[in-house]
Structure formats: structure tokens, C-alpha cells
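Written below as C-alpha cells is the structure these notes are about.
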């Protein structure tokens, strides 16, 4: 089809999105892939230009692990949570805010957008408290592990986002919270994305990951669920169909839907422009979780 | 090419146009062609959604002639100017404001835009004075003809456009001016478009007509001028290459360029989405008149 | 009394009206009378200058019939409703928006006000749906007539009025609505005036007609009702005292009062400055319908 | 003529004044006359309602003298200037701000306006410095008299007036200035009115006094000058035609005209509604001083 | 302690007060003491600079009595209320608005603040009605005394305060109300302070008086109550511990607390900077009345 | 002196600073000293509360070197400039933005301020280009060294600062610029502070360092220059009195003064609250460079 026709066909979708807010969560795997990242950034800048307030929340696991290795610190992941001692926390913060976030802001600038890097510390955007100890089973032995500087979100104050987003800036948010004492806490980026989506009244939450969505059989792409209700998602968790790293994503989506976000999506960030495909086609891509 | 790629490729063009103002002049021939009109309207609504303040100025010659015929009044055109007695003026006004303008506003609404019909009378947007008599040669005899209620623009006060355009409305402007005594005057739509483009500080003026642009040999599309300076346009007028209905279009473009409009274009409104083609491709279409 | 004393005596009335909104409905008969029209326009411009947001809604029956006759179309009125086929609709639209509305805007400009012509199509100010068929008795035989493009108002979105009125413009509204499909529908101007008065939170609705008000005996001006409640108006309708063209006026007033408009008035637009007389004297003129 | 016609006839004058600023100076004699004062206040409130920002500057000589007599202090006037020792200054301040200004604000409230009393001290609206000694001839002997707390205006900062006037309040200004040390200084009310008119960009300055204007022969009202230029006013001063208390009024008018005020007027505040008569008739009343 | 350390220690207090509103009532005794007044004014200007909207309400009993004596009028105080005939009312108004209020505004200006004098008359800030007759026992005989122009507050419209305070001005309020007929009424300054504190949503009400607070034994400063609830204050009134001039102060505090003011304080204005001591130390000074 | 007196004595200084903008540059040495940093942050938060828009620009040399050592990278400093290869650049960015900047924002939050971390990348706040090669003399041999990712500032766009500072946020700026290609460049923090001070129209630029100011004999504190002109500073550079790390500080001050900054100061950040001492005493501390 001709370029001009495609632009015109986008009109109903643009009209529908214009003036709304969308939170995009982008995992560390999508980010280390230069091409994926560029595609996602282009999509986000485009959305901003057609009048969508877009907020990017990023992860950065692989980058953190790389730098820790360079420093000779052994990363320790328990149940998908990074055990975070003081030195690890420093690395996490440096990598997420100083490297990953800054790089994304830089890319946004390269495509003509105006990015701004934020974390929970800026204007106390989001605060957390320590998770405390966690029971885990290691080699058949149950023991308690202190997760260290890992936090659970306590509150979100979206003022900072409003101030900059209303002026055309695209906030790029690193998942580092601040606690009562002003210390940094490592928080789950999926959770941050969900909570921010709720607090700003987002229309959509887009979880960009490296699989195509929720599938009954991860080996068989045909078994993807194109949509589900929060209730059905809970059932699938119980059945064990939703497991591992997909759990925090689905949980954040479910919580966001219950907190008023219209539609949430889990899509494959490694497929070029999957974000636009989801937003600008009727069929969409990935898995949508929304109220029935 | 895939839809999502085309959207992304539009990004640099969108970035460039975002926040600017564009005046589109659409002639009566394009409007009577239902399909052309729909295409132009879709393009305009799309432009508004990506942050371009778009103003539509329309003509309506064929519609006026049709209604005059129905009323048994014989249209009289001298040198491209409609001799306009009092009864003709009433028909012109009814058709342009009541039919053509209203229909365009309606179409804009159908595609999700917010249109508003305006003429020179609304908030005294543009005023004119009578042209007076004109010398013409009819059957080798020179005589003077009183053109009646035909006017030359005297002043433009863009406040009304600013008020509605800044709120997201798309002004649809009928070329009926008001004079000192509050009477209606028929003014050339090309001229109205040019003067409004200057007064609002438009970045571009787009003349949608039914030919592909300025051509050395109208029979041979290969002879189109893809760009020219105001000076060169004057030369082509003297040579007789630019003649007839093309003269007021070129004149308005030249005057607009001299009044600060960055680029002016004469393009074929009957080609689907030629407006987008011009704005979203490097090569463009039609003839561009701009400062060297 | 001396001029300066009269101005000073107007002070309490001005104080009372300052900052409020008033909708004035002006019928087609008042408009064809050049002198009445000029007087009404002067009054409206004066009101705007003393800080009253004034909105003018106009009819135009006689003008429509005149142009239809010129075009050789026979007007057909059933129970006060104009049967409106497609060709008639075109004429109605041309005359109301293109001639009558434009002329009123022009007059407002002549007296130093800033008018702007609007219809239901501008910014989708008011939408309607087709009335469908209507049972009528013609020569003792009951039959169903399709009224064609005659509509009933479905919704009013006053944003467009607010945008321009807050900037000092006087909206002049033609009673042409738009339907779901973007088609024009002919709607009753009295109803439009009432619905707009409700939607903008008007303090007053003024129905300018060509009789002095509601009278028990139309032949005897002494039998005028100077005020009545909505309930009493219903009784008079049942009694047959209120009949014919007075019915939609009274109905609109009753509905406006129930919709929160403080006071509604039916007054004689042919009496010079009856609008000011009503607003600037204690005794008032015409018939006032308001909550007890 | 009928009330409604008079209101309509006022329209061109209202249009002309709408949105402009007018400073009215009202002398002590007009104020002690209850009826004059009420008439002037009514006129001012009316002007505010039709969109004129009106500022009232008042004097209060007779009131000051009355209270001084009650306190057993003998007023001493030299060349039209009140010799003001510390105790006198206290009385002047109490009477002007506490009695006269407050009473005028109260009256404005009674007629539905929103008044606010101000002096040079509020927000340091106007500052002055001591005039110092003055040479006078008493019984053929020239001597120097220290005028005490009598000041000459040094600067005007109209911010305070703008803040309240833009919100619909009518400032009532007492001619008490503040000096560098924060002390009160008695300043001439005519001068205050003129300086404020200049600083706020007033369109008109109205000096309400107890004579009809500048007359060649004060006994013969026929000899009034209906208009004059600043230059001619200077000539009349040299001739001695303008003398006594008329001098500071004329001087303030001349200075105001030179400072950009369009028209200045000296009119009789004791004639009912002379303010409106001047503003709402072509012929006007009193003497107008303006640029030729 | 070093200057810079003290400033830094003030930080938590500043943070806590920043953006809030505080009403300070300052009695006539504090005002006649030049040093006390200067100290209070300095404190108020400082508060304004650190972002606290401060409103000063003043009394002026001693000044009123002084001027009445000078005029040969014998002040008559019954149960702490000044019997106010017409002549007395004039003096009260002159002294409070013209002398005391103006002097305070002047002092504010001297320390770099922007003061503005207001009374109940300005913008009808507060209205009152006459108290009527009051039963008193004089020499064992009960009789009724007409208090004259003494009023009870009926309504407060804080618009005027908001307009000026939001622009950085410090309102200085004289306790003169206006009644329905536009007459001046003498009202209790403590009551005015309390009612204004409620109407503007003040965080604190500070009553500056000439004793250290509420004491069980006025002779023994050790018996001061550092805090109490409204209920306890009522008990102390019944016990007779709170009596005389302390009653209206305590009553205003109690009413303010019940009207939503967070904390109210009775402190000694004659102690240098007691206002700052109360606001910038944890221990505070004087008596605080607040909800338990 | 008593606390309350000291607060009151600060009033004239507060008045003078209120509403102005101050840029504070804080070097890496001050930051690694926990106590110094806390003191500076407290001072900055205090300034913000008294209405001073404060912007903090930080360095971080020691921190960068520490992390580089941990990573086994050998820092290489040539003529005070860090040779910055790609890997070093990554560390610089991580440390400055991710650690130092974030920590400062966190501290601001602890003292009740609202901080926000920014670098040149956020909203393209400041851009730079590569410095290229530099001639150095190493062991008597002149050679050229490529400084790598070290940049010179090309442009500053203060919009981002204005957006957040006008809302009460305190920007904390890391000296990482972005170049044309979107790459990170290491720029001198003193220069960044100076250029930002110029671009936002700062009243003062405060260079917090670890010496007391510019001294003729660094060993003898008595030889400090309390003030100097830009011209004199140039002379002292030529004489060699100003040398080493003091040169970029003095250069930035000189350039800031020439760019319109009123006063610039070089002070010892390790002395507790030297910032307040400079701002709140007449004598000041350190060396002031300003126009004569």
C-alpha cells in the first residue's frame, strides 16, 4: 500500500490516542539490543508528536550484571529478585540512572524528542520501604535471605511527571526508589510502570518484553492468548501457565487494570515497531489484559 | 513496505511540521469531486492531529454556477472574475458559506476533527473594498464593465483564527469579505488564502488545484517546474507560460513568499493525498515557489 | 427625563445582568423587517458591552420560502413543521447559514460588536436525529408524512460557544444540526435556543416574536399574561389558549426553566428595543415564564 | 426621549470607552455636598460596569479644616498650600484616609461597586519628598515659610492599582504620599491624579471641581473655553485668566496631556451627572485640554 | 551559636510554615510601644519573605482615647465595649484606618515589605450589624445601654485578601465593618482576626497582647498554661481564671480552632520577637489553644 | 546573640536575594566530605525556601577515580583534564549522574527540598563538541594527546531548568554534555556552572572549593584577595599567582561576569555554611570577582 494511504489509515487510531497517556515498560533485554531499542525509541517519539503523553520505564538487568562482573562482584538472583547489598546497590544505581536511563534520553534526543531522566529520587517521585527477609528453598533446604536494598513501592507522587510531560518532555524513569531515610532502593521495574500508570491516569500500559505474550505453550506461538481478564490471569498463574519473569508483568497489568488503566499489553519488544503495530492496528499483537 | 515502518519514516517530517501553521486553498473543482474532497479533508484532519494548525480556504465556482442556473440567472465571467450584481452576490454568499463551507465543516467532523466555518464577516476577519470598473475587450471592442460586488482585500485581522485554532478547531474560510458599510463582497479565494497565510505567519501555503503544477507545456507533464523563485515566476508570466486561472494562484504564492511564508506549493488536489505526498516526502509533488 | 439620569437609573439593572449569559431567539418575521432587526442587534451589542454574554439564535422561514419560490420549489408546511426533502434542505441551509446568519453577523459588526456565525456543524455544537414520520390529518383523512431532513436535538456541546463568547464574540446560531452521518438536519429554532440556554447555564432566554406575548384573547392586548408558571402554561395549552406557533416557544421556555434557566420571556420583537425594555424596567414587557 | 432609545444612543460612546482607563479627581467641595458625591459615585460605578477601569482620586480640604477646628488647631494656608506641621499631618491623614476615602469606598459599595481605599503608602504606590521652604509675601514683607510635611511626588508605581483594578475593584486614592523615611507627606490631589493618569496610561483625566470650567470672566458662564491646547493654557496663565486653585488643575491636565493622556477635562462636579454628560454626549461639558 | 548555624536550624520550621497563611492580631497597647511595633513588623515582613502569607489585624484603643481627649469627647467603656455614638464612630474610623493602619503599612514598607491597608469597607471584606442594647450594672443598678455603632460580624468575603496576598502584599486590617446601609461599625479586633483566620483557611492565629499568656495567677508567671483545649478554656472561663480582656481573645481562639484553624496562640507582643520565638522554636512561648 | 535576633538581622539580605537566581558549583572534594556536603545542601534548601531559585552544579573527580580503580582502569589526568576513552566515559557518566547527582538529589529530599537530577542530555540542556588533541610536555618531550570524550560547551538551552525551577524544584546538574551524534562528552563542571549562570540570568555564581579563595601566598591566609575585577584576575594569571585548578574557576567567574552575572564568588565549601556566611553578612568570605 502507498505511504500516503497508510498515513491516512492511521487517522482513526491517532484520533483515539490523541491527548491520552501511555506508560511503556521496556526490559533490560530489549535495551541491550541496539536495534530493538532504537525502534522502541522511534515509536515513542512518534507517539509524543501525535499528541500522546508517553512515559518510558526501563529495566537493565544484563547491564547491571555486566558491570558487576567487571567489578568482580558476583550477582545473586533469588526468585527473580536481585540480592542487593550496599555495594551492589551503588552499581545498580549507577548503571540504571547513569548509563541506561541516560542513554535512552540521549536516543530520544537523536530522534528529535525531548527526553528527561528521572528516578524515584527526583522530586520524591516514588518511595519504597525495604522488603526485608524472604524465605527461599536452596538445595531442598528452606532458608531466609535478606534481600538488602530491595524495596516495595509505598507511594507515587506524579507531580514531577506532570510538570515535564505537560511541557512536551518524555520522562525516562529508572526503577530506583527512595526510602524514608533517603536511601536508594532497587525496585521492580514492572511494578514501577504499573504504579505510575495508575497514578497518572494512563489509558494504556505497554510491557515490552522478549516473548510474544502469554502463551499456554511457550514453544508454540499459536497458543498465545490474545486477550484475557484479570480473573483469568489469576487462574493461569495458579495453573502454572504464567510463571517466572512473566509473573511480575502480569501482576502489574492486573493491578493497573484494577487501578483504572483501560488496557494493558504484554508484547514483544524485539519485533520491530511492535508498539506501533499494537496501537495502530485493530488486530493488535501480544496479549492484552483488560476488564472483560 | 510495512505500515509500521511507513509511520516511523514519517517521523522526521512530522517533527519538522509540528507546531507550525499551514494554509490550504482548495478550489471549487476539487470540492465538487466527492472523492478528492474526502481525501483532502482526511489529510487536513490528520495534520491537525499531529500538531499542525491547518486552515482551509475554499472556492466554489461550479456550485455557484449550478445554483445560479437553477435560479435562472446567467453567470457572467470576465477575465476570470465573476460580474456580481446584488442578486448574484446573495447566491454567492449562500452557496459558499451556507453550502460549500458548511459541507466541508461537516466532513471534518465526520473524520473526527473539529471544524468551524468562517467568512470575512466573522469578527471582521478580512475586509475589502469594491474593485470598481474594469476595462475588457469584447469582440474587439474595449469597454468598461462594473464588476459589482467584487472586492479587493484591504485588511486581515487574524484574532478570530487564533482564538479557535489554538483550541484545536480547524477554520474553514469562505472568500466573502465585508466592506466599510457592512456589505458582502466576493473576493478571490487564492488571494484570501495568501493574505491569511501572511497574517498568521504560516510556514506553508498549499494551493490545491486540478493540474499538476506549473508546466511549460500543459500537455506534457514532463515539463513541470518542480520549484521556482518569485522572480522566475514573474518571468514566466511575461513569457505567457503562466496564464489564465494559474495567474492568481502564482500571484498569491509570490506575495505570500514576500510576506514571510516559507514555502508555497501548487499541487493537484485530484491526486489522492497529494497534500500528504508533498508534506511527507523529500521529492514532493507539484510546483514549489520559494525564495531561492 | 434627561439622558444622564436615565443612564444612571439603568445602573441597578446593569449590575444585576453583568457577568450573566442571555440567549435571544429571533424569529424570521422580525428579521425580514429591517428596522426590527437593526433594533434587536443594537440591543444585543449594547448588552455585550455592559458585560452580558449574549447569544443570538435565529429563524428564517420567510426568507427560505422566498428563495424556494425563486427556485420553483413549493414549500410544504405540516403542523408548523417544514417537510424537508434533500433539495429543500440545501436551500434551508444556504439561506439560514449563508444569508440570514451572515447578515446578522454583518450587522453586529456595523454597530461595533464582534459577531461569529455558527451552526450545529461547527465543532458539532448540536447534533440531532431524524424525526421520522408524522401523522397528520389532511382533508379529514389521516396519513403519515415523512418529514425528511427534520431533526430532533440529541446533544449540545457548548465548548465552541464558550471559546468565542469568553473572548467577547457574539455567537449567531443558525438552527441546522448535524446527525451521526454528518448530514444536515433542519431543527426548530425555538428548541435550539432553549437547549443552548440550558447547556450554557443562561440566566435568561428571550423569545422575540411578532406578538406581544401570551394572550387569552389575541385580539385584546389587555388579556396578556405578564407572568406564568410552567404548570400554568401546560394548563393553557390544554385549554387551547396557547396554540399554533406559540406552542414551540412556550414549550422551549418551560423546558429551559426546568433545565435551570432563571427566567424566560416571550416578547414582541417588532416593538423598538423591547429587549431593553424588558431587561431595564421593573414592569418589563411581554410574558414571563418562570418558577412560581 | 424614551429610556430604551437613550440607552441605545449611548452605544457608540460605550464602545469608545470600553476597555479604557479613566482617572477622576474629585475635590473636597464636591465631597462635602452629599448629593454631588452620590451622583459622582453612581457615575463611576456605572462606568466600571460598562468596562471602564475607573480610578477615583479625592481631596478633602473642608473636612480637614473642620476637624482641625474641633481640635483647636488653626489651619494655615499659604498660596493654596496648607502649612503642615506634625500634628496637622496626623489630622490630614486621619481625615483623608480614615474619613473621606473610607466614606467614598462605602458609597461605592452601596451602589453595587467594589471599592478599595488606597494611599501612597499602600504598596508604596506613590512617593514624595518634602517641598522645603517657600518664599511668600505677607503684609508687604517677603519671608520664608517652612511648609512642613508637604511633598512633591517623586515616583508612582502603579502595580497596586493594576492588581486590584484588573479584578474589578475601583481604587479610591487619598493624596498622602510616603517619603524615603516612611513618613507621611501631604501632596496636592490634582497632581496625584495627573501622575497616576500618566503612569497607568489613562485615556482620560476628569477634574471634578465646583466651577463650570476655565472661563475668561468667572462671572459670565458664556465666556467658558470649551477646549484649549496646553500651549494656550500656558498663555492664559501668563495673562492671569487662569489663577488661584485653577492653576494646579490646569497644570496637572497639561502635564497629563504631555505624558500621553488623550484628553483631560475640567468640569463642574456639582452639576448632576456632569461626568456622564461629558462622556456620553458629543458636545460635552466644561473645558477640555488636549493636544490641538 | 553562630549566625549561620541559627539560620540553618530554622530550616525545618521554615519548611513547615512555607505556603501557609497566618493571621496576627496586634492590640493597641503593643502598637503604641514603638519598639514592640517595630519588632512585630520586622517579624511579619520576614515571614512573608520565607513564603508565609501573613495578615495583620490591629486594634487601637489607646490611640482612639487620646484623640477623643484632644477633641474633648469623654470615652465611655462598658464591659470592655466602647459606647460609640456617631461622633465617636468618626474618631474611631479616622484613628484606626487613617492613623494606626496607615502607620503600620508605612512601617512594613520601611522594612522592605509591601503593605496594604484594608477595612471591612474595602470590597465589603467583612460586614456587621448593630449589637443593639446591652444590660449593664452601674452602681448596683441594672440598666440598658445603647452601644451605638458597635457591630457583630455577619459575613466575611476573603476575595480582597486573596487578590492582594497572592501578589505578595501584606494586608493590614482595621476592625471597622460596614453594615447593610453602608454605615461604619466598630467591631472587636480579636473577633475580626478570628473570623478572617477561618475564612482564609489560616494555619495559625497569633494573638499578640501585653501579658505572657493565660495564667492561673496573673502575678505568677510560673502558672502559665502552655497549652489547652477549647473545652478546658471554657472551664477556665467558668472558674473565672480567664476574665476581662482575655475573654474575647480566648473566645476568638476557641472559635477559630472550631472553624478549622490548626493552632492559635496568645503571646506577649512586648517581648522582642516573641512571634518568631513561637514559630521557630519547639518549646514556643505563651499559651496555645488547639484541638487536644 | 539570640536566635530570633539573628533571624531578624537576616531580613535585609533575604529581601535582597528574594526572587533572584543563584548557581552553586560544588567540587568533588566537597562532596566526598559527608559533613561539607550536608552543610551545602542545607544551605541550598534554605535559600530555595526564602525564594531564591538555586541551581547546583557538581563535579566528582575523586569518586570517578575510586570507581575506575575498582574497575582496574588507570585514570590519566593531563593538565587538569581527564583523558577520557570510551570505557572511562561510561564510568564518568555512571558515577556523576548515577551516583553523585542522585545522592545530592536524595540529600535535598532529606532536608525537605525537591531536587531533580539533570545532565546536558535532559532536554539537550547543554551540548558540546570534542576538544580534539592537546599538546602537552611529558618528560621534556612535547607530544599530542587525544583527550577523547572531553568536550567544550557549544550551546545551553535553559528551558528545562526554567520548567522545573519555576515549580520549586532544585536542579542538580551533572557536567555531562551531549554532542551532535548524541554521544556523551565529559565537560568541565566550572565551565558548565558559568555558562548556565549566564544563560538563566543568574544574580550570583558561587564556586565552592577546598581553599579559602584566591591568595597571593597559598600558605598565608592573610594574603587572600577579598575582591578583584576581571582585568585584575587576568593580570594575576599572567603573574602565575592564579594557577592550576584555580584557573578554570577564575575563568568561569570572569566569563560569567562578562556575560551579565552580577557577582561571582570563590569560597571554601569545607567551612561550615560558608555559603550562608557569604550571602548573609556584609563582610562576606572568600574572593569575589565582579565588575569594579
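Should a chain be cited, it is by its letter among A, B, C, D, E and F, assigned in written order, with residues numbered from 1 in that chain.
Heads up, the rule we're going with is that contacts are C-beta pairs under 8 Å (C-beta built on N, C-alpha and C of every residue); 3 or more make two chains touch, one makes a residue touch a chain.
If you're wondering where the values come from, they're calculated on a predicted model, not measured in any experiment.
Visitor: Note down the smallest number of touching-chain steps it takes to go from chain B to chain D.
Guide: Minimum step count, chain B to chain D: 2.
Visitor: Give the label of the chain whose average Cα location is farthest from that of chain E.
Guide: Relative to chain E, the chain whose C-alpha centre sits farthest away is B.
Visitor: Under the over-half criterion for shared residue numbers, do copies chain D and chain E use the same patch or different patches to meet?
Guide: same
Visitor: What is the chain whose Cα centroid lies farthest from the Cα centroid of chain D?
Guide: A
Visitor: Report the inter-centroid distance (CA atoms only) between chain C and chain E in whole Å.
Guide: Their C-alpha centroids are separated by 56 Å.
Visitor: Just give me the whole-number Å value for how far the CA centre of chain C lies from that of chain F.
Guide: So the centre of chain C lies 69 Å away from the centre of chain F.
Visitor: Residues of chain C that touch two or more other chains: which are they?
Guide: Counting only residues that touch two or more other chains, chain C contributes none.
Visitor: Have a look at which chains touch which and call the overall pattern line, ring, star, complete or other.
Guide: ring
Visitor: Around the ring, starting with chain A and passing to chain F, what order do all the chains come in?
Guide: Beginning with chain A, then chain F, the ring reads A, F, E, D, C, B.
Visitor: Spell out the part of chain D that touches chain C in their complex, as residue ranges.
Guide: Result: residues 1-12, 14-15, 18, 39, 42-43, 45-46, 49-51, 111-112, 272-273, 276-277, 280-281 of chain D touch chain C.
Visitor: Can you list the chain C residues touching chain B in their complex?
Guide: 67, 70-71, 90, 93-99, 101-102, 105-107, 109-110, 114-119, 121-124, 159-160, 163-164, 167, 169, 176, 178, 181-184
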